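Two complexes are shown next, each including subunit A; its partner changes from subunit B in the first to subunit C in the second.
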Partner chain A sequence: MSRFVYVTYIYTTPQKVWDAITTPEFARQYWMHYNVSDWKKGSRWEHQNGDDSGKVMIDGTVLESDPPRRLVTTWTRPDKSKEPSRVTYDIAEYNPGLVCLTVTHDELAHDPAMAASVSGGWPKVLSNLKSFLETGKAENIWLIKGKEGQ
Partner chain B sequence: MSMDAVFKALADESRRQFLDRLHKKNGQTLGELCEGIAMSRQAVTKHLTILEEANLVATQKRGREKLHFINPVPINDIAERWIGKFEQNHLATLSALKQKLESEEK
Partner chain C sequence: MNMPTSSFVYVIYIGAPQQKVWDALTTPEFQKQYWFGGHQDSTGRRAPNGRCSCPSMG
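Entry: the complex of A and B
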């Protein structure tokens, strides 16, 4: 099945998770990339490299936006060489002070190379996001293979 | 959710095999996971519950069916705890070498 589901539990609030995903200053610290949009339904969004190049690595459209609970976007190669896939962020308060973040990346059947790339990337991003929100510490997760993931 | 739960869940060979099967084909139903396994449906359910409680398996509903997905995030958390960023390159090389040599032996 061309769908991946990633779940992490983070001691924080839904609003902080939402902000960490949607605010460039935060995302740069744990994702090393950042997401730019006004996050309104139908708006364009861009996933940019956090180095000074600001290169657009992925872009797409905001399909659903319900801050701080749910965000759904398409996930498109900027050269539009493949059909877009889709990413859903579900942010739920599991217990007071504990958030369950579920990232579902699906509709990847037509782009196996993207599926391989994101399946290596999401666990790193989510582990680093947890670490960033719980301890304020994050590492450069893309140094590992000397290449940029996602 | 705790690291104890992850290690306990991983300490069982059958549960590791369920993770292998989901790694190979993600998003399987209980019925699919019961196929070709000498275990009652009830026993499979019990193993899947333990994996789900450890957050190693995530489930999503599709109509009346429940689909099971491998969730590698807790394993990544463990790796990040003990493996330094710069060691990962060397470890990946060693792991690839071991796989290659072992496959040649067969």
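Entry: the complex of A and C
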């Protein structure tokens, strides 16, 4: 698989979605990790463990930044053992108070393990994002020993 | 693009019991509240004419 696309509609504003992705303390509440950067084109970004160890789980470069509508970054293993993949967040105001968020994770063909990992990971992250923005509540899905369907 | 053309898969985590998700998918009165117009019969099958009248499904 070279490309993963996830679309979700969230009753919120584009600015809140942007803030939820780009503000470390906000991200920690549903993603359980921090996203750290100044989010300017060309800047580095880091996906840091929310346990405050400062461990970098993923890093990369900001390729495009158009707040609150569009953010594109590379997605790199910190050990640089594989070429980066790429993540695009398209944040569209479908209607006032309703956002259509499309996350496209592509350029994955050279890293099947990462492709498998993010295919399972994005639905958790983005379900939690929707729950958190709409209800103010999100659990740490990653700690729940659950049963996946299919 | 390597998207499958014959199947579509979507995964979502919902803070609700299994039974409520089942009921939401299979109960016409429940369906009306989130799947506007896309009614199914009480067995959970699509209406006999096989057509989806739901505007949101295009």
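The rule is simple: the second predicted complex is superposed on the first by the 142 of 150 C-alpha atoms of A that agree within 3 Å, B and C clash if a C-alpha of one lies under 4 Å from a C-alpha of the other, contacts with A are read in each partner's own complex, and residues count from 1 in each chain.
Keep in mind that, in the parts below, contacts are C-beta pairs under 8 Å (C-beta built on N, C-alpha and C of every residue); 3 or more make two chains touch, one makes a residue touch a chain.
Bear in mind that the values here come from a model prediction, so they are computed numbers and not experimental data.
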| item | value |
| --- | --- |
| Which of subunit B and subunit C A:9 touches, first, second, both or neither | first |
| Touching partner for A:104 - first (subunit B), second (subunit C), both, neither | first |
| Superposed model, subunit A: greater residue contact from subunit B or subunit C | B |
| Touching partner for A:140 - first (subunit B), second (subunit C), both, neither | first |
| On subunit A, positions contacted by subunit B and by subunit C | 1, 3, 5, 8, 123-124, 127-128, 131, 139 |
| Interfacial residue positions of subunit B with respect to subunit A in the complex | 1, 25-27, 55, 58, 60, 67, 69, 71-73, 75-77, 80, 85-86, 88-89, 92 |
| Contacting residues of subunit A [partner subunit C, same complex] | 1-3, 5, 8, 123-124, 127-128, 131, 135, 137, 139, 141, 149-150 |
| Of subunit C, residues touching subunit A in the complex | 1-3, 9, 11-15 |
| Sites on subunit A touched by subunit B in the complex | 1, 3-9, 102, 104, 122-124, 126-128, 130-131, 139-140, 143-146 |
